[in-house]
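Labels run A, B and C following the written order; every chain starts at residue 1.
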Amino acid sequence: MRPAIITLTTDFGLGGPYVAAVKGVLLERAPGVQLVDVCHTISPQNILEGGFVLANIVDVFPEGTVHLAVVDPGVGTERRLLACSVARQWFVLPDNGLITGVTRHHPPDEIRELTSPSIRREFVSATFHGRDILAPAAAHLALGRPAEELGPLRSKFITLRNFEPTADEEGFVGEVIFKDTFGNLITNIHVDRLGDAPGDSWKVEIAGERIAGIVRTYGDCPAGTLVALSGGSGWIEVAVVNGDAGRLLTAGPGTTVRLRREG
Amino acid sequence: MRPAIITLTTDFGLGGPYVAAVKGVLLERAPGVQLVDVCHTISPQNILEGGFVLANIVDVFPEGTVHLAVVDPGVGTERRLLACSVARQWFVLPDNGLITGVTRHHPPDEIRELTSPSIRREFVSATFHGRDILAPAAAHLALGRPAEELGPLRSKFITLRNFEPTADEEGFVGEVIFKDTFGNLITNIHVDRLGDAPGDSWKVEIAGERIAGIVRTYGDCPAGTLVALSGGSGWIEVAVVNGDAGRLLTAGPGTTVRLRREG
Amino acid sequence: MRPAIITLTTDFGLGGPYVAAVKGVLLERAPGVQLVDVCHTISPQNILEGGFVLANIVDVFPEGTVHLAVVDPGVGTERRLLACSVARQWFVLPDNGLITGVTRHHPPDEIRELTSPSIRREFVSATFHGRDILAPAAAHLALGRPAEELGPLRSKFITLRNFEPTADEEGFVGEVIFKDTFGNLITNIHVDRLGDAPGDSWKVEIAGERIAGIVRTYGDCPAGTLVALSGGSGWIEVAVVNGDAGRLLTAGPGTTVRLRREG
C-alpha cells in the first residue's frame, strides 16, 4: 500500500528550527507519513512565487498527496486558513492567493476552512500557525480522516490577478514570476495561452531586448544566444544558452515581458 | 507501528557529500528509518546556534526520536561524544554545549559516552566523526538496541553559559541568538523568565533603540513598526512588521539585548 | 525488509519546483520508496563537482540503492542517458562524465542506455529529462524491475580527465575540486595515489604557499595554521585550523595544487 505523502512548501528559509518543528508535529500525528520538502526558499512573503511552485507540482504527485504550504504575511490577522481539494490532492494553506496556480486547470472540488478547535495543537501561538494549525490539519487529512471535521465548507477563495498575463490585440503582457538557479527567467505566460500560432510567429520583449520566435530547447542555438522557449512545465521562459539570462538582462521576478504575434 | 525517526542537525552546509554520507551510514545500519533534515546551515562551528535549533524541536518530535547533531569544532581532539536521553528522545552529539537548550526544561535521564569500538564504522577517520562514530550510534538507538552497549554512563555534560541571559535588579541582559530569514532577531531570553509581569510593563533595548512593551503578534501593529514579541517557541524576539529588523538595526547573532521592567 | 532507496544529486538549486517535480514522479511510480536528498547546489552545469559528490557516497549507501544524478548541460542535444550498475548500486545519469569518480574503484558491471519509449513520462519535454526520462528509469530500478527493459547494453561511457591529477617524477599536479562550507579546499588527489611515503615526506604547493607535510587531523596544529591533510574520504585537502582556507588563499575549485615528494 502507498504510504501517505505530505509535501512542504514554505518561505521559512533553510536556517533555524521552523521547518523541522512543522515536521515534528506531522510525524507525531501521522506516524509513518512520507515527508517531501518541495521548497523552503520562497522569497519571504512572496505569495506569487509560492503559487508558482505549487502550480508546477500538482500534475506530478500521486492522488491523495497532501501539500502543506506556508507563505503567510497575514499570520496573526484575520485571514482564513483553508484545506482545498484539487485534482484529488489536498492543499492546506492560508487563503491569500497561494492556491492560484494550482486552480488554473483544476477547480477545487471541496474547500474547508480550518476552524475546528480540536484539530490544532493544544497551545496555538500567535505567529506560527504553520506548526500549530496547518500541520495538524495536514496530518488529519494524510491519515484519511474526514475533511468535514476540519471546519465548514466554503465556496470562495482568493486568487492573484498577476498570476496570468494581460491579453491585448497584439498578444500578452506578463511578468517574470521566477528566476531559477541557472538564471532562466520564467514568466507567468503559459504556452496554453498562445493557441495554435507557431513558435516563430511570436516576438518576445524583455528589458529592452527583442527575441524573435519561441524555440524548442536550449540546444537549438549556439552558446550565448538569448532565447525564448516553452519550459518543462509549459511556461514561456527567457534563457541564455549555457549562460545566465537574469544577469545578462539585469532582470528577475517582476520584470515585464511582452509577447507579440508578428504580422 | 511508528517507524523509527532520526533527525539531522549540522553545520555541514548544503553543498558537497557530507550530509549524504551520514545518511548512507544511517540507512545501511537502520533500514527503513525515517530521516528528517532539521538544518544543515548552522554557521560553521556555531554551537550556540546549533543548541538553539535543538532546543526548539525537543517539544514537537515524538517519543523515541533520535536526534543526531554535529557542530564539532573539536573533531580530532579529546572532546567526548555522547548520547543523552532527554524527554524520552535521544540526542547524539559532541559534548561541547550543543545539548544546552534541550536541557532547559528536561534534565537528561541517561548519558552514555560513545566509546564502544564495535559501534563505529570499521575505519574511523580523524575528521569525520559524524559519519564514523555518531551515525552508527544513532542507528543503534533507532533500532531500539540497548544504550548501555554504546559506552559507560556519565553524569556530567558541558553547557553554554550564554544560552541564558544575565538577570539583574532591572531585568535581563541577553543577546540575539538567531536571525531568521525574515530578519527577525530571536534572543536568548525566554518568556518563561519574565514571570507574571504583563507585556507592556517591559522595555526592550537593542542597538540603540528602545521598544515599549512586548506585543502578542506582528499583526497588532502597522507595517514598519519595530516591535518586541514572544515568538512561536517563547523566545523574546525583535521584529519589524512586514520588514527586516536585522537590516534596520544592523543587528544579528551576538547583539546585546536588554529587557527592563518599567516602574 | 529494506525499502528501496533513491538518492538525488542535482544542480537545480534549492528554489523552485524542479527537485519536487522529480520527487513527485518517483513517488507516483515507486510508492513507498525512500528518497534521500544528496545535494542540489552543485554549481550550475559543473560535472566535475557533481562527480566528486557521487564519488563520496558510493561507499556508504547500501546495496540496491539507486542514485539519480542530474547535471546536464547537454539536455536537448544528442547526449546519451545511462543507468550504470556500480558496486551493486545503480547510477542513473547523463553520459557526460558525472560517473567518473564512482568508477575509480569499481568498474561498472552493466550499462544500459535509456532508450525505451515505455519507461518515460507520456509527454517528454525538451528541457527537463531529469523528470521525464531519468526519474521513470530510477523508479523502474527501485521497483526491482529488469534493467534490460530500460534499453540496450553499452560498454563505453565518458569519463573526465581532470578528475585525477597528473603524475610526474616529483609527485602530482592536481586541482581543487570542491570548497566546503568551512572553506576547506578538497583536491582531486586521493591518498591512495601517494603510496607508502609517510605524510611528512610530502610538500604541498597551492596559491603561492608551501605546506610541509600532510597531517592526520585539524587538531594536530594550533588555530590559524595552514595545513594539508587527508580528509574523511581520503582526498588531500588544504585547510586552516579553525579558519577558512578558501578565503585566506583566495582559492577555490580549479586552483592548481602540487604535491612534491621531498628529498
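As a working rule, a residue touches a chain if its C-beta (ideal position, glycine included) is under 8 Å from a C-beta of that chain, and two chains touch if they have at least 3 such contacts.
These numbers were taken from a predicted model, which means no experiment stands behind them.
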What angle, rounded to the nearest 5°, describes the rotation that places the Cα atoms of subunit B on subunit C?
-> 120
How would the subunit A/subunit B interface be labelled, same or different, where same requires over half of its residue numbers to be shared?
-> different
Please report how many Å separate the Cα centroid of subunit A from that of subunit B, as a whole number.
-> 31
So which stretches of subunit B touch two or more other chains?
-> 14, 37
Note which residues of subunit C are touching subunit B in the complex, please.
-> 1-3, 5, 7, 9, 14, 34, 36-42, 52-57, 60-62, 65, 178, 180-182, 216-220, 229, 231-233, 242
Subunit B-touching residues of subunit A, taken from the complex the two chains share | 11-21, 23-25, 27-28, 31-32, 35, 37, 44-45, 73-77, 125-128, 131-132
